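Order of writing sets the chain letters: A, B and C. Residues in each chain are counted from 1.
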Amino acid sequence: MYTLGEIAEFIDAKIVGDSAIQIDGIASATTAKSTQLTYISGKKHNKALVNSQAGAIILNEELLNDCPTNALVVDDTYLAFAKITHYFKKQITHQAGIHPSAKINNAQIANNCVIGKNVVIGSNSIISANTVIEDNVIIGDNAYLHPNATILQGCLIGDNVIISPGVVIGSEGFGNARDNQGRWHSIAHLGSAIIGNNVTIGANTTIDRGTLDNTEIHDGVRLDNLIQVAHNVIIGEHTAIAASSAIAGSATIGKRCMIGGMVGIIGHINICDDVIIGGKSIVDKNIKVPGMYTGVMPLMPHRQWKKVGLWITKLDKIIKYLNIKLKKLKD
Amino acid sequence: MYTLGEIAEFIDAKIVGDSAIQIDGIASATTAKSTQLTYISGKKHNKALVNSQAGAIILNEELLNDCPTNALVVDDTYLAFAKITHYFKKQITHQAGIHPSAKINNAQIANNCVIGKNVVIGSNSIISANTVIEDNVIIGDNAYLHPNATILQGCLIGDNVIISPGVVIGSEGFGNARDNQGRWHSIAHLGSAIIGNNVTIGANTTIDRGTLDNTEIHDGVRLDNLIQVAHNVIIGEHTAIAASSAIAGSATIGKRCMIGGMVGIIGHINICDDVIIGGKSIVDKNIKVPGMYTGVMPLMPHRQWKKVGLWITKLDKIIKYLNIKLKKLKD
Amino acid sequence: MYTLGEIAEFIDAKIVGDSAIQIDGIASATTAKSTQLTYISGKKHNKALVNSQAGAIILNEELLNDCPTNALVVDDTYLAFAKITHYFKKQITHQAGIHPSAKINNAQIANNCVIGKNVVIGSNSIISANTVIEDNVIIGDNAYLHPNATILQGCLIGDNVIISPGVVIGSEGFGNARDNQGRWHSIAHLGSAIIGNNVTIGANTTIDRGTLDNTEIHDGVRLDNLIQVAHNVIIGEHTAIAASSAIAGSATIGKRCMIGGMVGIIGHINICDDVIIGGKSIVDKNIKVPGMYTGVMPLMPHRQWKKVGLWITKLDKIIKYLNIKLKKLKD
C-alpha cells in the first residue's frame, strides 16, 4: 500500500487531488474501486474516465477536466502504468521446500517439489517430481501435475486437471511500454491464470497470467503440447486446441471450438462458439458465425511454388492489367 | 486384469458372450490377442472385425452379427474405448528418489534426478541435474540427458542418444472422445515412445507416446528444438527436422527426409523417403515422389499484402469473371 | 590441447606440414589464431584461405596449393570439422549441488538449484527453485531466473535480465554434417550464448549457443514465450519478438524491430533496424528498408478456401492462359 504522493514520486507525475489517500492496488478503469489506481490512454476511453470509481487515475493533461477523482498527470500514461505495476507485484518466498503453511489434503507430493506459502492442494491430487508451485496457488481435488511443471504465484487450478511435464502456468504476459528512446519497460502482470475443472494441458505449453484481470481456461478445455496462451485470453468450455498453436493477448475463444495445430490467433480477436479452424491458419478477424474456416498456402513442388509465389506478390497488378486489356478490347 | 463382466460395467456395455473371461490389455483390432480387448468404429473396418483374434470387441449393435468373438455393445464405441483405457494405465511410483530397483550400469547421475522403479540406464550414460525418469524406462549406453528433461514411464531410448534440456518424452497423446453433451473424454495412452540409436532431440521438444501402438523415432534422426511429435508418429532413419515443426498423430515420415523449420504435417499423412520440405510449409497430402516441396506466402510490404490478400480471397470469383468476359468478347 | 598429428588421426586426415604443433581450439577461417584450427569448404572461400592466420586448416586436396599454413587434407571438410569439434567441447561437472568454487554475491538461491564450477552470480539476483546453471556461467546483478530454467555451460547473462520458467539457454545448435551414407554427424557447438542487460526471455523459449562464435541477444531485447533462437543469431538492441516465433541459424535482426508471433526467419537472413513483421509471416529474403512487412494467407470459410487453394496451385498456368486468350482476341 502506498499513498498517492508516493506513487506520484515513483512515476514522476503531477498530483491533482489528495496526495494522502492510500492506494492498495491497480485495476482497469471500469472496475477500479476507491482504494485502487487506474490509467486512461487516449481520448476514446473518455466514457470510462468520467464514470470511473477509481481512487486515482493516471492520465494526460488534456483529460484532466473530465477526471472525476484524483489525477496523476503524466506525458506517457502507458509507460507510467508499466512502471507503477512493479510496486504492486507480490514478492514470493524463495526457500520454501514445502512451506509449513501449505495445506496438502491427502495429496501425494513426489521428490524435489517446491511448494510455496499458503498453497492449497486438494485431496487425491498428485504432484510429480521436480515440480514447482509458488505461493498462494490453489489446486483442486484429483489433479495430476506431471514432472518439471511450474505453477507461478496465485494461480488457481480446478478439480481433475491434468498438467503435463514442463508446463508453465502464470508466466508474465508480453506487455511492454516503449519510452521515447525506444527502450521497452515491462509491465508487471498483476492478474492471475485460472484453470477450470476437467482441463488437460499438454507438455511444455505456456499460459501467461493476466495484466490486471485474469487469463481464463474454462471447464473441460483440452490444450495439446507447446501451445502459447497469452495474457487475458479466455477459452470457453470444452474447446480443444491442437499442438503448437499460439493465442495472442486478450483473444476470446468460444465454447466447443476445435482449433487445429499451429493456428495463430491475433490479439483481441473474438471467436464465437462452435467454430472449427483448419490447422496452420491465422485468425486475423473476428468470427461471428459457427462453421469451419481455413487459410493456408497449399503444398506444391518447390519449382512450381517459386513461380506461383512470384505471381502472388503481383496479383493485384496482374488482375488490374487483365481488366484493362479486356476493356480496351471491348471498346 | 479385469473380467469382461467388470469391463462391461465400467463402460456401461451389454455383453454378448462370456462375461468371465480375463482381459489383460487393449490393442488394435488387427493385433489384439485372445486376452486383449479391442474396438471397432464404423462399417469400413468390417474386415478387421471379422478377422480379429481379440478376446472381446467393443462395437455397435449393428455390427454384432459380424463379431467373431465376445462383444461389448455400446452406442458410442470411441467414447467407450476412451473410458476403458484408463483402467489399463499403469500407476507409477511417486516417491522414488533413485528407486532401489533401478539398474544403473556405470552411468553418472547428477543432483536431484528422480529415477523410477525398474529403470535401466546403460554404461557411460550421463543423466544431468533435475531430470526425471519414470518407472520402466530403459536407456542405452553413452546416452546424454541434459538437465530438466522428463522421460515418462516405459519409454525406450537407444545408445548414443542426446536429449536436450526440457525435453519431454512419452507425454499423453492428444486423443479425446466427445460425448453427446460436447464434453471431451481423454484417452489414456497405453503405447510407448521408442527412440532409436544415435538420435538427438533438441531443447523443449515434446514426443507423445502412442495410443495403443508406439511412437517411433528411428536410428540417426535429428530433431531440433521445440518440435511437437504426436502420438503414433513414425520418423524414418536419418531424417532431420528443424525447429518448431509439428507432426500430427499417426503421420509417417520416410528415411533421409529434411523437414524445414515451422513445418506442419497433418495427421495420418505419409511422406516417402528422401523428401525435402521448405520451411513453414504445411504438408496436407501424402507425398509419394522424392523431391523438394514448398507452400508459403511470400513476404511483401504490408500495404501490398493488404491488396494481394484481398484478391486471394476472391481468386475463384475473379478468374471466373475474367473467363466469362473473354468468352463474351470472343462471341 | 592436441598435437596436429593427434587431430589428423581423429579425423583420418593427411597432414601437409608440422604434425608436432599444439592446437588448443577451433575458430572460423578469418579469426583463427596460430594455435587454432579452422576449415575451408568450397572454392568461394579462397580469400579467407590465403589470408588465414590459423595454425592449421582442414581442406580438400585441390585447395592445398593456396594454403598458407599447415594443412589437414580430407575428402569431406565439413564432416571432418563436425567430428573434431567434439574433442574441444569442455566436459562439465555433473554432481555439483552448489559447487564450492561458485561465487554467489548476495544473491538468493532457492531449493534444488544446481550451480556448477566457477559460476558467478551478481548481487541481488534471484535463482528460483529447480533451476540448473552449468559450469562457467556468469550472471549479472538484479537478474531473476524463474523455476526450472536451464543455463548451459559458459553462457553470459547481463544485469536486470529476467528468465522465465522452463527457458533453455546455450543448447546445442542444429548443425549436422552428412556422411556419404546419409548419416548425420552432430557438430559440437563451441561458441556461447550471450544475453545483454535488461533483456527478458519468455517461458520455455530456447536459445542455442553458437557454433564457433556466439549467439547474441543485445541490451533491452524482449523475447516472448516458446521462441526458438538458433545458433549464431544476433538480435539487436530493443527488438521485441512475440511468442512462438523461430529464428534460424546465423540470421541477424536489427535494432528496435517488432517481430509478430509465429514469424519464421530463414537462416543467414539480415533484417535492418526498425522493421515490423506481421504475425505468422515468413522472412525469406533480406530486408534493407525499414517498414512493415507481411505475408500470410487470409482466413476464409473452409469451402471457399478449397476453391481458392486449388486456383493458387495453378496460378501461373491460369495467368498464362488468360494472356494467350487476350492476345488471340487482339489479333
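Just a few scattered comments:
The rule we apply is simple: contacts are C-beta pairs under 8 Å (C-beta built on N, C-alpha and C of every residue); 3 or more make two chains touch, one makes a residue touch a chain.
Worth saying up front: this structure is predicted, and the values here are computed from it rather than measured.
Remark: rotation between chain A and chain B after Cα superposition is 120° (nearest 5).
Looking at which positions face the partner, chain B and chain C present mostly different ones, since fewer than half of the interface numbers are shared. Taking the mean of the C-alpha atoms as each chain's centre, chain B and chain C sit 29 Å apart. Annotation for chain B: residues 112, 130, 148, 166, 204, 226, 244, 262, 296-298, 300, 312, 322, 326, 329 touch two or more other chains.
Contact residues on chain A toward chain B in their complex (touch as defined above): 108, 110-112, 126, 128-130, 146-148, 162, 164-166, 198, 200, 202-204, 220, 222, 224-226, 238, 240, 242-244, 255-256, 261-262, 279-280, 296-303, 305-306, 309-310, 312-313, 315-316, 319, 322-323, 326, 329-330. Touching chain C in their complex are the following residues of chain A: 94-97, 112, 114, 130, 132, 134, 148-150, 152, 166, 168, 171-172, 174, 176, 182-184, 186, 204, 206, 208, 226, 228, 230, 244, 246, 248, 262, 264, 266, 276-278, 281-285, 291-298, 300, 304, 307-308, 311-312, 318, 322, 325-326, 329.
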